[in-house]
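Consider the two complexes below, in which chain A is the common component and chain B and chain C are the respective partners.
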Partner chain A sequence: MTLLLPHIFNGLTLGLLFALIALGFTLIVGVMEVINLAHGSLFGLGAYFALTIIGAGWLSDTTFGVWWLSLPIAPRYILALILGPIFAGLAGMVLELALRRTYGKVPLYGLLLTFGAALVIEELIRLGWGTGEQFLQLPQSINGAVLIGGLIFSKYKLFAAGFSMLAIAAVWVFLEKTPYGAIIKAGAHDSEMVRALGFDLARLRLLVFGLGAGLAGLAGVIMVPIWGLRPHVGVDVVIPAFLIIALGGVGSFWGSVTAAILVGLSVGITGAYAPAWSMMSMYILLILVVGFRTRGLFGKKSALEN
Partner chain B sequence: MVTLSDISRRSGQWITPQIAVFALVLLSLPFWIGPIGLYQYIGVEIAIWIIFALGFNLLFGYTGLHSFGHGAYLGVGAYAFGLFQLHVGVSLFGGLLAAILAAGVAGAVVASFVSHRRGIYFALMTIAFGQLFWFGAVKMHWITGGEDGLLNIPRPDLNLGVTSFDLSGNTALYYLIATLVIVITILTWRAVNSPFGRILQAIRQNEVRASFIGYEVWWFKWVVFTLSAMFAGLAGGLFSMAQESAYPDVMSLHQSGLIVMMVLVGGGLVNFWGPILGVVLYFIARDVLGAITETWLLWYGLMFVAMVMFKPEGLAGFLAELKRPSEPETWTKPAEEQ
Partner chain C sequence: MTKGNLSRRQLLKTTAAAGAVGTFFGPWKHNRVYAAASDKPIKIGITSDASGQYANSGASDRRGMHMAIAEYNAKGGVLGRKIESTHIDTETTPATGSRVAERMINREEAGFLIGAVSSGVANAISQVAQKNGVIYFNTNSSSPTESGKNCHRVKFVWDGNGTNFAKAAVKNSIDRFGDQWTLLTNDYVWGHNTAAATRSLLEQYGGTVVDEILVPQGTRDFSSALLNIQQAGPDVVAAAIGGDDQKAMRQQVAQLGMGDSPAWINNQQDWPDVYGLPLDNLFGVFGTTWYYKLALPGVDDFVKRYQAMYPDTKMRVPGNVFYNGYMAMSNMLAAIERAGTTNNIAVIKELEGHKMSAKDRMQHDDAWIDPATHQVQQTIYLATANTGSEDKDDMFKILNNVSPQDVSDTNAGGSCQLESYDDTPTFDA
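Right after this comes the complex of A and B.
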């Protein structure tokens, strides 16, 4: 058991990171009943924006760029952590404008449109940032290792897990404790009534999609130091996110958080015994659960089932 | 709007004028593909993907089951063919039979899990199983050769007892595949216009109603899933024969997504010929756009997005509308589009 303890801890950390990855996806699925297959690409986009902000990008030769690069890494990282997700969110809003044409039609169309968008974003990333593997610089204070109870942990992983808990709490507060959350949820439930009450549903949807895309970008900035960054990072991300939603059940916020932690645990513990197969365990987990429970762990009835 | 359920008057026939024209085009292709600036191997690729796409559309267009992991069965077929040639014996029919059977078994197992699922959960389960197969192909290197895959798979001769043909040339291989495409086109055409095909379409339009009429919906879903996996297996076997190798990329998510795109762009949702149009369009776009720009996938992706936004009925739907533009607008939203 004591031998297993670090793996369980690792799995929990990983689970929290998975939850962060799935957060924006859950928000959009739960509220708008749109499967955003471009989620992974927006994740990549946010990370690439952060990369450019930290490295000053095209401005690196100008006096501003030189001044910016002379600053210590911490303020540059913090700015990237804020602006990267915002840019990803804006890209998401553009996508939402295109998606409008599919509302009220077969749910498949939304899925296909975002699938095409994922392809387009990935190619744009290749065009803008090249095809090679890239790395994000980190401030010293969250880099390196730390010793807790005789075990070595990566400081950054702890930071990322803590950050992920904060993000989950923030989204939950937004959905459950603010009037915006109430309107958004009502809009998902009965859009006609919400419109009749005088709320601008089109703007709300734009906001939610932007928020979901922004969360994807945030997850990108946070996760990339752990996973590395390449143009096709989107596929590596959208599949676990997708899986977590199905496992937790469409439309359930805590369902997807629970599912993410379960996935993290199963990947972490499998990793202890058969590292080569660790990522496969999540697919088996999904098949076992959804094989027996039609709507995942806590799923509700959804238009996406048709 | 046109739908797949617009049953034509000649539906009971085995061979329609369209099929005859299609067969003629296929068989004469080696004579004109060079002069129009393309090459023989693209004909082989197109023919293989037509088999894959026709089988896939039984599931996707006709039954309305959106599988996003169909590349897996293409890959299973490719590996089965390769393993048969390398370990059992060099034989064309043996290899193809092994490919069809292996993919059929894989499909049948997956179908038993997914045939009770609908909509998004169905799509998710097919993705999960697709990834499972892909992972297996990458990790079980003692069988599959890992990331490199199976190399130097021999191209067996076509042995008909009295005579045998050497298939090492692409033209000879093309004729074999084209013949198979014609046979499969006729079989699928007959299948979708049979009572079985009608039931599939009833399931697409409303699963609950179909079960109220008394059909065992999950059984039909199981059968059509297995059937389309077998088509994919045949295509995969031919693919590994054409490539003389089988590798994990064949069953990647990328391939599974490509087939969805091709079928949709062509108009598989509204027309029997949609998948074929889509496959042809994709390969020509790949070669023509690919010659102009390295980022041709960007343009193909943009075209796909525009298609979903403005014309989700695809190319076939577009052509059908050109043919009868006078259809009243009030009919554009049938009950199935909930």
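Right after this comes the complex of A and C.
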């Protein structure tokens, strides 16, 4: 007989991973009102950068590469966890520079540009890293299995869920408790006033987009040891991220986190009793919520409606 | 005459010319003739996935076809005509497969179609191909329905199917691991049919299905399914999970250390899905139609030709998907050559019942194309991870080879109703 409790626990961890996936997407949509369809490709890019950092990439045959590869996996992984997202963030900043010409125009332009960027990034990944399946090495301390309540759980998945909680908390602290966060939120609310107060709005947008892309890259580094790594890995990201934002309410940080956990629970529990419906369950959840509340769970009136 | 005015004579000439061209090129219906007996290249439409779940396998499939075409062109082509190919991405989506097939036939004027990894896509392509009488080779999709209820006069299936692999594995695994089985099944045509074949054989040999877990296509998190398996505690899990789903599943099973207990039977393991992965991801017993380390004549030379043609590919050795793509394409061209014509019916007749020697196939047994189902009957190999090798490419340990007679899909003949020759549009490509 299927016991419910392990599946609820599994659904919660899955929800936290979904929240991590949606975090960067939420930030960019909420603050800049840009739907970044390249989110998935930046997710993949972060993971591929991490892969290169861990494996020394093109430097693997040099003296430095040999020395680097002689180090234990843990320091290489930690550096990859830091630098992978930073590089993805830088790529995101380049994308933001290209996006500037679409600001103030029909939103479709931004959509098309980020969609095109997604295709370009995916092809660049194919050129740079090949088309085959890759594997991100993990430190032994977070790899393997752990026994909870007589059932085997993945140690890495628990680490990833814990890491997601940390990332969610860090982004919340940044947005709510730092002056930079206050400026970003003010910029989203009334950009003209922020500009009038002497803040460089262009730089602010660059920072937000870079941060959102960096979070996408971070999610990539964290998720690919579970999902596997291939050039089109990002395709699996955009739809859940978009769904979570719509479910939680555009612009609502905690709305997205709550929606992600609900999606995780729905996928996890449906997976236990009606596995064929596990993927469909998230869409049914969206229909149910949006059917009653079009702005999602915590959505406020969008600036677009003003 | 002033510019822009058309004389009556010119109008008549233009009309006559347009009529001639129209007669030559179409419309494409029964008895089309648009390039026969000419030195116009034979055009082959490659209908393989370049995106979606089977993008990587699709690339390997294409490499195999391209090598066969290059070898034939180096010999001067077929019937004195060069071989040209054009590829359109079928996106691992049946609806796209139909559109691509229509476009290949009606706009690209491809005389033959080849390529598929997904059975849903292959089925969609073959329906369009049959409607137009265009010979279609399904290279790498392995649902039993492809040579069963979805068979067509124009379609030839080159991969071993789910029943073939299940027959090779089920009895042996009941004896070795136990009779309580859970089926882990991708929720689409190939998964369902493969699981049905496994279930039927299991019942035949005295095993029991304790549970069947359906996994939607596109699943990336298998934790719920793996929790269910732990709670049910079967002796064996028979997995029919394909493409990227399978890669994610393998990674997660390896992380949980569940690769050895319960025992895993993976119906078929495509080489592009596992190449380069750590060996602990390659748990359980699985089937394949070919391996680059088979100690058979011609295999080493085949590997060298692959490496010479694709020196930059990260997949340093060919796998089963490449092999099927190559074998299918070279046999298509050989059949045209033997038939001495590109007439589709003549080529179909040349293929039906055609025998291929074990030496030519680089397999342990002679193979043949079953005239009743159009599926290639071939040797099936059972393999597991090769943990004892220093060579990173040498990932499989071949456990045994099973002859085509022993793994024959005996149900396919009953469910396959090939269209008659008269009901198949005929044309010369």
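Going forward, the second predicted complex is superposed on the first by the 298 of 306 C-alpha atoms of A that agree within 3 Å, B and C clash if a C-alpha of one lies under 4 Å from a C-alpha of the other, contacts with A are read in each partner's own complex, and residues count from 1 in each chain.
Throughout what follows, a contact is a pair of C-beta atoms (placed from the backbone, for glycine too) under 8 Å apart; a residue touches a chain by one contact, two chains touch by 3 or more.
All values reported here derive from a predicted model rather than from experimental measurement.
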Side-by-side fit of chain B and chain C on chain A, or clash: clash
Touched partner set for A:139, first chain B, second chain C, both or neither: neither
Contacts of A:7 with chain B and chain C, given as first, second, both or neither: second
First, second, both or neither for A:65, with chain B first and chain C second: neither
First, second, both or neither for A:275, with chain B first and chain C second: second
Which of chain B and chain C A:117 touches, first, second, both or neither: first
Chain B versus chain C as contact partner of A:55, first or second or both or neither: neither
First (chain B), second (chain C), both or neither touched by A:181: neither
Contacts of A:157 with chain B and chain C, given as first, second, both or neither: second
Touching partner for A:287 - first (chain B), second (chain C), both, neither: first
Selected from 7-15, 169-177 or 277-285: the stretch of chain B that, after superposition, runs into chain C: 169-177
Touching both chain C and chain B, counted on chain A across the two superposed complexes: 276-277, 279-280
Chain B-facing residues of chain A, complex: 35, 98, 101-102, 105-109, 111-113, 115-117, 119-120, 123-124, 126-127, 235, 239, 242-243, 245-246, 250, 276-277, 279-280, 283-284, 286-287, 290-291, 294-296, 302, 304-306
Touching residues (chain side chain A, partner chain C) in the complex: 1-3, 6-7, 10, 13-14, 17, 130-135, 143-145, 151-157, 225-228, 230-232, 236, 267-268, 270-272, 275-280
Partner chain A, residues of chain B touching it in the complex: 66, 113, 116-121, 123-125, 127-129, 131-132, 135-136, 139, 253-254, 257, 260-261, 264, 295, 297-298, 300-302, 304-305, 308-310, 312, 337-338
Residue numbers on chain C that touch chain A, as the complex places them: 51-52, 55-56, 59, 187, 213-216, 218-221, 223-228, 230-231, 244, 247-248, 250-252, 255-258, 272-278, 281, 313-315
